[in-house]
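Heads up, there are several structures right after this.
Look at the two complexes coming up: subunit A is in both, with subunit B in one and subunit C in the other.
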Partner chain A sequence: MSAAAGQSSATGGMFISRAQATIFLGGALLFMLLFFVGPMLMVIWSSLQPPSGGTFANYERVYNDGYYWRVLLNTLRISMWVTITTFILGYTLSYYMNFHLKSPMARRAIYIIVVLPLFTSNIVRSFGWIVLLGRDGLINDGMRIVGLTDGPVQLLYTSGSIIVALSYVMLPFMVLTVNSIFQNINPSVIEASRDLGAGPIVTFLKVTFPLSLPGVVAGSLIVFTLSVSAYVTPSIMSGGRVAVMPILIYDYYMVQLDFSMGATLAVLLLATTIAIIGVYLFILRRYSNR
Partner chain B sequence: MDRTSTNWGVWVVSIAAWGVVLFLIAPLIVVIGVSFTESNFLRFPPEGLSLKWYDVVVTNPLYVNAFWLSIQIAGLGTLIALVLGVPACLILVRKKFPGAQAVSALFLSPLILPTVVLGVAILQYASALGFVRTFWALLAGHTVLIMPYIMRATLVSLSEFDLASEEAAQDLGATTPQTLWLVTLPQIKPGVIAGGLLGFVISWINVEVSIFNSTSTLITLPVRIFNQVQATVDPSMAAVSAVTIYFAVICVLLIDYFIGLEKAGMK
Partner chain C sequence: MVNTGRSLDGTSERPASIIEIDSITKKYGQYDALHEMSLSIQKGEFLSLLGPSGCGKTTLLRIIAGFLGPTSGDLRIDGRSMRNVPPNKRPVNTVFQNYALFPHMTVVENIAFGPRRQGRAQDAIAADVKRVLGMVGMHGFEDRYPRALSGGQQQRVALARAIVNQPRVLLLDEPLGALDLKLRKRMQFELKRLHGELGITFIYVTHDQEEALAMSDRIAVMRQGRIVQLGTGEEIYHRPNSAYVADFIGEANLIACEREADGKFRLPGNSTPLPLAGPDAPAAKLMIRPEDISFGTAEAGQIGTTATIVQSVFLGHWWRLSAMLADGQEIVICPRDNTADTPAIGAQVPLRWSQQAARMLGE
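For the complex of A and B:
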């Protein structure tokens, strides 16, 4: 804290003494060091304490065993499809809300419907899909009536059902992120494009979409990172038949009680998340430099 | 301009968008529908109409206790995060000091880190320090989870804050605590309340942190539902899930009424 006692602080506003500042910031900082930084360091430390072998024995095991790679790839593949699905659905809805929906009442209603699922647990949000995708569920009944299928089709407990339910869980994040960018687009830019003779599709491709790209990239980042670390939805939608990283971590910690190996996979998940954010920041920097 | 093709495009976008709205609302309606069924099976549309599964839920102490534990953890966690977080934000915004950016990043980082990792971290840490799977371990994990939501909302409110009013108050002789309580807090209150509500909800719906730090008696409502769904699935699960949906509807309407959803930082 550089501002000397007795002077007003550098950024203006009320006078806060050094002692006051230390207390105000210190409480929260101490809490985070004790219950966030400490626990995280402990996980990293634990991953380097294998029951047998050298310090990095766990990491060598993960590196040499194809199983872990397959699970990691499966996690990334599912997350990629979830990101693509939420982009298509979320962008469509957000575009409609901002450029075609005239009624403020309808807009508000849709906004509430988008936000509502965020206030219920992932378990509740996924639970509806168990009913919908089950053997006697609405989707199977519908396909039978339309004549697409003869008997019940296995929809539940597949990678597909994980992608559907997870897309549902993640969709509000995409809509809200894209929305916040759409709201900042000046409508006169779009009008200008139309006045200059560009059709609606050309205007969308050359003006609206490029302007909304930061929202698409930010929304995709949120959805992708949350999908990679999602445990609840993949767990109940897989029925134990499909493994993703968080399920594997849970298994090592709670079933096999191998904390050290669990910690190694947790660090791997953490590293994956940080790598994704790194790629995002890289893209962002290139984009803003143009 | 080609009006027919414009209208055609608008129609396609409109129908697709309303399809997405249906996609968003359908699973919640299905859960609520199933909860009123008379039969013992999860069927939608429900067969008959009864409240018997609600009766099963409210008379089952496992659900009722889990409900209260969830409320306690989320409520206390939000309170602690508010008391610690709001003053810290004040310093982060008002004082320039080396490392301020790093400290901000530290406070906000639980937002982007996998909550599963936070869950196992608290488990291992509490095991080592001897308070594993206690109320306090659960509370600590949830408070870390809530903190960034309150900090983010408070930091945004403070950055839009009119500094002159604080200076005026102090020129007129108000002490720092008086200025803070009478001038600063009232102005940033909507943002802080929004952040607090959001943090409360994030804790209330959390499974990933709780599941690693629960016992058969110390168990939050989402984890209780989660365990139950994996064991047996009967309509009582739909009823308890529906109750949490009603809770969510009330929260959302309250936020929308008092602050406005779009202003509440739901982005």
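For the complex of A and C:
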């Protein structure tokens, strides 16, 4: 946050002297060095200091044990589904808000409803889901009354419940990013498409969607990275039955006090996430420069 | 269909009209953006909708394009009602005020967008795109993105993108508004040339009366959702039907005159009644264009008065003199002869103009 603020004031359109630029940029840079790059290097270094064995003993252990890979894969799978879910819900909601909702009051109301979850604590929100999804929760009761099920269905403490709760938390980020892009689309460009003979569907596919792509990319990256590193929501929603990487990392650091192994898993998660984002952006660039 | 009956009525323009606006009203809440407007636009003509902002000209254009639906009334293009026909199914194309080029497409992709929707063969599309690029003088810019083009170039691409579809009617929404004066003049000329070459009906929205005069076959002067006068540029300039039109088109002196006890209008300070029939109202305005006034005593068939010169400015192609009438009203004089000596400031001079050049107008 501080880095972004520093940069934007440096490029804010006003002319500033070299000295001022140094101060603005320097502050942000120093902050990043102290609190991001520094700890990052310490984590990498720590991962190379196993209590026993050679320098890469931890990495060998992770590589040879299928468990870590399964947790990593599960983490990525959950994050992917959260990204897809928030994209579908957030994109359609933003689309509706920007192109169909005429009344500014209604638009504002939806905006507030979407952002409202951000004002409550993560923990409170997750416990809310427990009330809803539990064995005697609203949904199970409802299904029993309607006659859909005989006994309670396991909704809580599954990957599914993590996906649902995380999507709920992440939705605002998707809506806010996509919305800001939609607002920047010149409405007469969409009219021009209709004017030139394109129906509503072709207009969406050829004009609206391609123009909104930067918002989709930014939104999905934010949601994916936040989901991969989410700890509170998955740990409450998993009830200890489903493991994701942040839970595992926390466990090594705080329970088993094996800092080195925790660091190894953190590095692994970071590297995989960066690799996935890299591939994602590479494919996108190939596609859009076609 | 009672087409046969209609042509026997003797309304000879009927078959040639391409757009029929039939008593269209567009309401926004209590406010009438268009009020029971009827207008028939002829095939191949260049019609300008002229008026200040908020007069409803853009609303009318958007109704023709299909982006807005009328509150009541009907619109027919080629005799077919456009009710419930979406914009993409109408035989019209629009050149938007801010060009509205697709920012994610190159010049060629922008222009080919329309033809591709018709599902035409690739090479036929390519040939058409090439042809219209030539017409607007944009060869060599095929693979540029809109952001890499100047305003004037974007304007040409927007034009090419619209005409490549060979619409029955081309709608232009203040297309030259964002260009500088010099470029605007050149584009006016080119639009006029394109209109001649293509034979398409042009409906041109503008608030610039000079632009409307320079290009249009007919001008519809609009005010508060109504057409106040419809005619050729010459008709509207020389024979405005209201003070509003006279004031809007070109420069006009509008001298307030009161109907006196004998029922005749007189100019302020004059004893001779005006030889013009005025509107049926206690007050009216005498309209006279500054260039129709000359110095000298009125002769037969002329109207004369005296005024005191207040200011004189040499503008190159003519002098512009400002004078004061007996009751303090200002009158502007631009004598046609710019080499003649002009009266000094403070001089009281006789003015005269032909009866035919003057008109008595209501508001």
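Odds and ends about this structure:
The rule is simple: the second predicted complex is superposed on the first by the 237 of 290 C-alpha atoms of A that agree within 3 Å, B and C clash if a C-alpha of one lies under 4 Å from a C-alpha of the other, contacts with A are read in each partner's own complex, and residues count from 1 in each chain.
By definition in this document, contacts are C-beta pairs under 8 Å (C-beta built on N, C-alpha and C of every residue); 3 or more make two chains touch, one makes a residue touch a chain.
Just so it is clear, the structure is predicted and the values come from calculations on it, not from any experiment.
Of the two partner chains, subunit C is the only one touched by A:Asn186; subunit B is not.
Of the two partner chains placed by superposition, only subunit C is touched by A:Val202; subunit B is not. In the superposed model, A:Pro210 makes contact with subunit C only, not with subunit B.
When the shared chain is aligned, no partner comes close enough to touch A:Ile139: not subunit B, not subunit C.
In the superposed model, A:Ala57 lies in contact with neither subunit B nor subunit C. Of the two partner chains placed by the overlay, neither subunit B nor subunit C lies in contact with A:Leu48.
In the superposition on chain A, contact is made by A:Tyr96 with subunit B only, not with subunit C.
Look at A:Arg194: by the touch rule set out above, it reaches both subunit B and subunit C. Looking at the superposed arrangement, the partner reaching more residues of subunit A, out of subunit B and subunit C, is B. By the touch criterion defined above, A:Met32 lies against subunit B but remains apart from subunit C after alignment on the C-alpha atoms of chain A. Where the contact sets of subunit A with subunit B and with subunit C meet, they give residues 194, 199. Listing the residues of subunit B that touch subunit A in their complex gives 1-2, 5-6, 9-10, 13-14, 16-17, 20-21, 23-31, 34, 42-44, 80, 83-85, 87-88, 90-98, 103, 106-107, 109-110, 112-118, 120-125, 127-128, 140-141, 143-144, 147, 161, 163, 166-167, 169-170, 176, 179-180, 183-184, 201, 204-208, 211-212, 221-222, 225-226, 229-230, 233, 237-238, 241, 244-245, 247-249, 251-253, 256, 261-262, 266-267. Within the complex, the subunit C residues that touch subunit A are 65-67, 86-88, 92-94, 96-98, 100-104, 113-114, 117-118, 161-162, 165. Residues 186, 188-189, 191-199, 202, 206-207, 210-211 of subunit A are the ones touching subunit C in the complex. On the subunit A side of its complex with subunit B, the touching residues are 1-3, 8-17, 20-21, 23-25, 27-29, 31-32, 35-40, 42-43, 46, 89-90, 92-93, 95-97, 100-101, 108, 110-125, 127-132, 134, 136-138, 168, 171-172, 176-177, 179-180, 194, 199-201, 225, 228-229, 231-232, 235-236, 246, 249-250, 253-254, 259, 262-263, 266, 269-270, 273, 277.
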